[in-house]
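Next up, some structures in structure tokens.
The two complexes that follow have chain A in common; it is paired with chain B in the first and with chain C in the second.
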Partner chain A sequence: MKIITAFKVCPDFDKLKKSDLTVEEEMSVDTHFLPNVLNCYDESALELALRLKEKNAEAELSAITVGGKREEPTLNTLLALGYCHAVKAPVDEKLFRFHPDRTARALAAYNEACPQDLILLGQEAPLGNSSAVPALASLYTGYPLITSVIDIPDIREEAVTLRAVRANEVIEIRAALPCVAVIGNAVISKLRVPTLRDRMKSREKKIETFQAEDEIAGSSLTPVKLETVSRLRAGRVSAQKGCEAIMDVYRESLKERLGAL
Partner chain B sequence: MEITREEIVDKMREIVGSDNVVTDKEVLEDATHDRFRKYEGYNHVFVNPLPAAVVFVNNKEEVSSVLRFCDAKKINVVPRTGHSATEGGLETIVRNSIVLDGSHMNKILNIDAVNMQVTAECGVVLEDLENEVRKQGFTTGHSPQSKPIAMMGGLVATRSIGQFSTLYGGIEDMLAGVETVFPDGTICDIKAVPRRSAGPDIRHVVLGNEGAMNFITKVTVKLWKYYPEYQECMGFTLDRMQDGLKIMREVMVEGYRPSVARLYDAEDGKEHFSHFAPGKCVIIFVTEGPQLVSHANAEGIRKIMKNHPECTPVETKLIETWFANLNWDAARIEEERKEVLETKNVCCTTEISAPWSAVEHIYEVCAKRVMEEIPDITVFGAHASHCYSNGINLYFVYWYNIVDCAPDEEINKYHLPIKKIICEETIKAGGSMCHHHGVGKHRTHWIDKEHGSALYMIKKLKAAFDPNGIMNIGTILPYSETKDKWNEDK
Partner chain C sequence: MKILVVIYYDGSAESVTRPLAKLSPLQAEMGFSADLYVYGEKDPDNFQIGNFEGRAYFQRFEVAAAEWVAEAVRALVARNQYYGVIAADQEQASALAVLMANKLDYDFVTGVVSMRKEKEGLLCERPVYNNNLSASYLLRHPFVLSEKLPKNAGGATSLQAGTPRNIVWDYLEKVPAPAWLLEKSLIEENLSRPESPVLLAVGMGVSKREDVNRIRDFAEKNGFDFGVSRPVAMRGWSGINDIIGVSGRILAPEITIAIGISGAAAFYAGIEQSGYILSINTDPDAAITERSDAVIADDYNNVLDGLFELLSDYKR
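Presenting the complex of A and B:
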């Protein structure tokens, strides 16, 4: 039983001040000074894989990323957590942007070299948000695609049980292996943390490098426009305080709506 | 005869009005603890007895009346403002306590631009105060990480310190005057003057009393001109914490006064700097003040750093961005809550101070012992963030996975054993077990060793100002020291 999770490490845009948002010549945002975070959907996927391993001791976990130095701390963490293989498909980080096709090809190439039973991917990631990698990975591996997965309660020899969202309802799916599962708003969002002893024990394990035949470089998409999206919500700030503010909000904003229920 | 819970609540309503006495179960549960028992709180496990009420006071007269009543009836009072304490100082460890909350006393009373001081009620949030004085081009110079939450009364009561302490000092250097109320109802206003030699400095009966002797109602702190445009920031990476400690000493002993002087070891730094300094220690300096002063300090520090080839400069922008995201606000605490519940991975801290001659030993022995003796540790690191001519602090930061352990066993399995190692090793080496979080209720185990022969003075102060032992029982001095007094006639 082999399970592989593809992940991406991204700049933490929550820590980007508006005044620091500068667009560079090649239509990119300078983020070199920001700390890195694991893409949230991928983080769920990595933890779900660990939970599957707890239920199925035979499972062999791998993690793969297309990246460079930035991904190495995460790869080492995964080795300490019990992942058998932590694989890096190296790229020139400065050149590699908007690359769903080549990322999917790299994953498919690795799968060809080391066939997997279950491929887990997060549904999207910042810096592009194309959401295209999972579908392309399904296409290039020939594995069926299951989207909007929020939990994976069980995996056996031939099949995996998944919970996924369809038309705002959670349904349970029993899918034959191999397949590609796309992790959406999962029931878990955080990756567990290895102990220092686990880290020390895993020092012998090395990050593996996988070089796809098709060199991963350049950009397959060329951005033509870059602008910030306003996320301000419509609303009204009450001028009152305390209980009067609550009554004000009730009268002006809630009463009518509640009455309509 | 013991007063009933209902009688306590009725009397509180009579003094402060019904709207200001809260007895909702959820509020009372939340009031039984502070961030020391955050894991229990996140799991809705409350081991301390529920207080009779949370009582919001609006002025010093109400404080006086409440305290006088509680003193007469021997009701334990836990003073509180911002609820950001970390050492259990806000825990209600005896039945039918009241939590006396000053957060409604939140007026900034006077920004005195001539005498360069600002007076605020105890419930003013430090960040609000700082924002107001900044509008006039001033700063208090106080910037603890809890700035968005912590309030002036609590900041004085716990002897807090901020990130710019190397220039501005701790709250004890900032506090010009303070008004406080004692358990017998006496209101004392210690006037704000530049200095005086009229007997012992009585501000220090209030500073750091942790609500165990009096309730602070009003605070006057000094102001300084604020020159953000002249701040100079620099960062360096290096391999060894011990080398960094020597550099910090050199900067201080040579007489330079950065506002920020911080040194992170590689383990603690992993949480902050892995994007540019994985596996490295990091030193950070910020200088500020008038242009000539700030620049002279920066130049002097740069000159020292040039003589240390083991240090590599890092881009200023990296440090500035990190610094801008350092503080803890309510949203970050909520984020932490969710993360802790999912991962069962908890971060706790213990901060100590040490003379230069002992700090390296304390750092090394604590790391070694914790790693050897405590299970499930995921991070054990430290940073130094407050420097003095005669020593430095160490802020030990430790994360652990909670394994096979109920929420109410977490403290005894992990946090207290780690704290015990740090406090005992620090005291043994000649340092102080509390740098700026106070004793609370969970460092009282070592208060005798901390003070040695001087514990006499602490006990006398407590006995003199709180003879019935009603103020925040079990804080600074262990419950066993005061329980006999407290239980008399109950």
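Presenting the complex of A and C:
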């Protein structure tokens, strides 16, 4: 049984200062100074896959990233954690940034070369934040799509058990394999950390390269404009502290607001 | 020019009337009329809506899998001429938009937060770079889009202004479960909570689990809404249904009190439609400062007692 998780390492936008955000030519933004983080949904997906492996020793785990050099440390970490294959599909990020179809086609091409039973994808990732890659990957692989998955309790033989959010309910479904599962706000959010021994043991394992074709035709629309968004409000900082500050804010603006409710 | 609005029915009338009310003023502004395609896994109630004049189709699914819904919409669009198709905001709206666009061979944009009609088509904006930037797309018709419009999009909700009358449903054939679905069971229900005009939002600056619980308890006892940033939920200090922001709930309360919130754009997306924001944060240079109406630059531990005492007078 083969399980593959696609992931992305992206700039940590939570560390971004507004003054550092400038849209350059070709509608690009310089983010090289920001630390890198695993996309949060993908991190959940990678850990969920490890937990499935613990429940089903036959499962063979792979991880793939369609991206650049940022992902290499994570690929090595995944090998240390027991992933059999850690695959990078290097592409020109600028070409793929707003073209989820290109990313999805690259994933589908890998799946065609190495067919998988379960494909795990995070529901969204920067820079494009389109939430479109999973549905496109489902189209291009021909696998059914299961959205808003928050847990994967089990995988056995020809079926996987998933929990998913639907409006104001959580449902559990057992789905025949193969399928694409889209990981949303999962119960499991942190990828475990490999021990030094894990890392030593995996020294011989190598990151594999899959050549995704840059010339894959992109059919997604390209933005006509990219701009920063002004979110400025009054930003009045109280000169007081503690409970006096509360009363100060109350007198200045909050009282009127609360009174109008 | 007619558009088809696709809405998921979750068993509550609000799941249909709320997105319709949100879209209605925009339709009027852009000169569209609309038909309605509502799908779900439960039989519909009688919905009373004001100024809705179009046809209303309802289709029940054993399981509303996106690919099957997309196929059903394709069949409906094939029988009618629509300027475009809009998937109303819900968990699988983006996936549905992608699949519908593929089946119809239309262009698509997902997660649209604003739109306006131009000579060449619709100019749609959506957040990118984790809500730090906005990208504009020119979407020519026929199109498919999924919306994440603000709750106050277009101003007054003209659908509610008309004389309420029942929607007359045009029932379409029930769709059986897809073959890949072997079993389905309900684990938890009634996850959504009633909205309140006051929201208490907690971020990573709240350093103890007990403090998060204290703020949640106070909010619940006093009829206020409660939410957290994603990292707080990921610590296991709060449920995933409490998450606010790009990955969670997008709210529009009259008053938001942001406690220990840094103001990261991905979180801020969930509260930026607030009428008023008071932030409590030790760092006056945090991004939330300039994104708030009023700021208390202090440790939340010094402020909570006074805040609770004050807000108790306004319990809902």
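Quick notes
By our rule, the second predicted complex is superposed on the first by the 212 of 261 C-alpha atoms of A that agree within 3 Å, B and C clash if a C-alpha of one lies under 4 Å from a C-alpha of the other, contacts with A are read in each partner's own complex, and residues count from 1 in each chain.
Going forward, a residue touches a chain if its C-beta (ideal position, glycine included) is under 8 Å from a C-beta of that chain, and two chains touch if they have at least 3 such contacts.
Bear in mind that the values here come from a model prediction, so they are computed numbers and not experimental data.
By the touch criterion defined above, A:Val182 reaches chain C but does not reach chain B. Set against each other, chain B and chain C differ in how many residues of chain A they touch, and the higher count belongs to C. Once the two complexes are overlaid on the shared chain, A:Lys190 sits against chain B and chain C alike.
In the superposition on chain A, contact is made by A:Arg166 with chain C only, not with chain B.
Look at A:Val249: by the touch rule set out above, it reaches chain C but stays clear of chain B. Contacts of A:Arg236 after superposition: chain C is touched, whereas chain B is not reached. In the superposition on chain A, contact is made by A:Phe98 with chain C only, not with chain B. Chain A residues in contact with chain B (one complex) as well as with chain C (other complex) are 17, 189-190. Across the complex, chain A is touched by residues 8, 10-12, 15, 63-67, 90-92, 94-99, 102, 107-111, 123, 126-139, 178-192, 197-198, 230, 233-234, 240, 243, 246-248, 254-255, 262, 264-266, 268, 272, 275-278, 284, 287, 289-298, 302-303, 305-307, 310-311, 314 of chain C. On the side of chain A, the complex with chain B involves touching residues 15, 17, 20, 33-36, 70, 72-73, 188-197.
Note for the complex: chain A touches chain C at residues 13-14, 16-18, 21, 23, 29, 40-41, 98, 124, 126-132, 134-136, 138-139, 144-148, 150, 159, 163, 165-176, 179, 182, 184-187, 189-190, 220-229, 231-238, 240-243, 245-247, 249-250, 252-254, 257-258, 260-261.
On chain B, the positions that touch chain A within their shared complex are 270, 272, 274-275, 278, 315, 317-318, 320-322, 324-325, 338-339, 342-345, 371, 375-380, 399-401.
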